[in-house]
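Chains: A, B, C and D, in written order; residue numbering restarts at 1 for each.
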């Protein structure tokens, strides 16, 4: 449901064009210094404005409404809210029933018997990831100081050369189209032993959260799908000491669902933004016909650009949940 | 932990060389006809014996010890046990501290302070998947009759031609090596509406279970990683009617985390069996040195062969959990 | 933790003197008509102002910030907030470390290493029950129309005659003291079959929530403690028809943890308000001495007065959680 | 459902006359010495044989089937089973549809559409508490060595004088009747700080488990219901030092839902055994009439006799769950 976690628990709410997006974090230890400024860096990484991102710019000012006193977390639920200020609901009025391809509009309409808030995708909007990024900031503060994240785009639209990424983005924008991308998150300094057999493996919990992020359609660890094409003698990681250090890291830092102390390596495949300016043919409930649709809203050419910090937040949250155990 | 699910809940236990492997299923509706024979077909798909599978052959006779009365489920917890009868613990005595590459031996030793049962991988053994397959059989009986599973190996060791699979397996076996594989599970007849925003998307719950299966290191839905290399105009699935039917199915049957009524398509990447006969160099705690290791146990050349039905079981369990909601 | 429930889940947050008290409800079905006005009646029952209640008067205006669109619930998380407007934090400055008897100040200080928000009891304040009452309003709308609640005070300070309640309250107030009370909640029209063996009996879930309400120190169903003093022939309820109707109702409407279709009868014992105006002797951390304490804040003579609707809300929430299963 | 707990989780199964009763415990730390003999003492306290208990005598031999290796817990799920050997199912054949007053037969029949196992109460039988006692044994080993339990019957059939308990029991037995009782559990040496605001108060978790025990219809902490009849000045517990020691203990060791380091005092009211030898008038589905019923099975005159150790086990389990947090 809209709650996740065990000893570090999240409850998320909000709609794209509603009053606010919010998240309440339970299980945050008391005594962590925290202020609204601490969220600025990661929120900036998620913010639009760069080439390939939507022109909708929210100030994204986090408001801590519970769980912090005199600058420190109290151990009580830590709740963070983001007001929705820059909403153009009229953009969506015509597409409510002229179902946008690969969007959640149709399933939301059916699942909630037509009562879902359709404005800007409502509760299904990627706007909610602002709350996930905020939770990620808190999660990182809960992790040991040894832990370091390095997250980057390894591919955009099939192009693996970062120097050519802008070119790919501009070409897609010029065609009023979008492109997908692959985000790689590497985490150093993870202690050996995170993850729980049988069902709550480190991979299971990280993937659970990553697949909750809109647009993520694939997740792999270490050699992942490529490793499935290797032989054991090629894919195996030999241990070189009693602490679990391995000569290679095809396991992506996880053996038997438990972190082994090596770098965690996880990649998420983000599909191309489904909202594109090009005309598409799709079913219209109003006319009961398959008809051309033009989407006029403001959208990202590549959601993976802003998705990198969201992926990182998801990994941080999963690790924080394990650390608390 | 070792429990999973919400309205259909699993609790699993057992060790490779202990008394038994067991699973208790909570939330099974009353009135489903069920007998030990119902498990035979799927257990046979998991059983060893085919080329590329381990010579260890367990009879795998399921015993229903609670939750069934007069041939029907009662609504009380349904518990199924499998005795461990064919255990060669002496095979493992030397490797307990001479850590097998890419195995859980080392992390288990650290996480459980040396108290873990090391025989045959203990609780980390793929032997536990026999219980998952049994749970999958019950899960399928909980699903609507419209649902049909088609699960197959699409790749073995990088080879995509099923006619050449045996050749690939024999070559690896001849080299005392192993190969990985990719399992694709397709599910037809899934009702629109399964999955829960925000955190319990259909992808999240399926992937959570799949990544609990030993050897799974990647999961993708629909066009997955390949889709991240496409443009939106190529990857988008246009709706053709009010029921959610789409012209293409790059989404793998899931929009916004909710099933859209089209075929679910999910693929799992299984790494090559880490236990190989070839000599490997790895750390030995007994000598505190990196030394050659030869593994003499009985192992699969390709775990993906027997893993297909396990992947299918995991998908069935995740869907049954949603159906009960 | 600060989350409760299964298919109808609550996440609560806030501190007595913080920005706000809030609650987010997950699992509310789509299509329920809901507006801020719907909360007025039950919030009025909880509000202060009657004899024996605190002079602190909050306007208690609920703000629905997510989950409602065009007057109907959407199926997405339903979040309700109450701003804290009438806070006199200075009242508490001296008692922070001069621990009030039978209050949570001391345990909160220890458990959260001194980082807890001490103002007005912080997160431990009965102020949070305003959110529980709001959740109860939504829960009642989720229940079948057949269900009717009748909740009343059966005792105040040991007095069982409602005509003498005011007299008891005034006498205690005159002594700058407080009194406890017993709240009885009766629920008619409950369908047979709510409750889950083994651990989630109807009594278990109702009691779990009731004991989360500040001041509740006892819970009993039907004949309860008195029934433990009877013989089986006196306490047994004979069935009079196939629907489960019983001649007597000593079971309080619950057999084997499952509702049997008869009236649910549950009573909660609420201790006397621990904050009293009379001088008390208790430990002072500032002086490391046991010293006289006078509490000057504004407090209820009898929390059970305002607690009745909170008890009713807790019962409604527990039932709504079962109804969703 | 049939699973309970957070970091120490129980899954229970079995029917009175089925193959076995079992319980699987997740979250047991590795390295605790454990053997079947460790269960003997508490199982003996639950066993029948004393005056007032059923003549049905099960050997109650626990079998540890997973989670223990070389005499120590492994950190993997710890599963304990009890075979059902002494079952007289024919005793129950006639009462299946001639509903025993205050039994779960009727609700079970309705809730599970007639598919429930009716023999001996099936899954609703108090026989399942053997598994709870076993879990309690493990829970006690997880608790700090400082913790000491003292559990006793304070009342039988309204009689508070232990020297007259046998007299009360014999009188009831002579009348082919039964009596209820009150069990008091006191726990010394509990660390300050167990319990979680808001919903998982120490009282909430203990009561949740206690109300899962068949026959429990009331739970109170400290002064409980009697405290609700006192004034604040009488019921308040003054602190006498910085560690939370109080001069009195009307709170039963819990403030604000958190243990305060004083003795936990909890009482459970157990109703009289509903199965009595005396003729009772109740509905018979076979004849669709209200008719006399004589119950011929073997039953306890007072379930509270054997219930004391079950109550203690429930308290221990709740505390162990908190200790693990």
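Annotations
Keep this in mind: contacts are C-beta pairs under 8 Å (C-beta built on N, C-alpha and C of every residue); 3 or more make two chains touch, one makes a residue touch a chain.
Predicted model only: the values in this text are computed from it and were never measured.
When the interfaces B-C and B-D are ranked by how many C-beta pairs touch across them, B-D comes first. Greatest centre-to-centre distance from chain B is found for C, with centres as Cα means. Computed from the mean C-alpha positions, the centre of chain B lies at a distance of 45 Å from the centre of chain C.
Separating the centre of chain C from that of chain D, both taken as means of CA atoms, is a distance of 26 Å.
Rounded to whole angstrom units, the spacing between the C-alpha centres of chain B and chain D is 38. Each of the following residues of chain B touches two or more other chains: 1-3, 12, 76, 111, 123, 197.
The touching residues of chain C, counted against chain D in their complex, run 1-4, 10, 12, 99, 101-104, 106-108, 110-111, 121, 123-124, 128, 155, 157-158, 172, 175, 177-182, 192-193, 196-201, 203-205, 207-209, 211-212, 214, 216-225, 227-242, 244, 246, 250-252, 255-260, 269-276, 278, 280-283, 285, 288, 290, 304.
The touching residues of chain D, counted against chain B in their complex, run 1-3, 9, 11-15, 18-20, 22, 24, 26-27, 30-31, 63, 65-67, 69, 72-79, 111-113, 115-117, 119, 122-123.
Taken together, the chain A residues at the contact with chain D in this complex read 6-7, 76, 197, 325.
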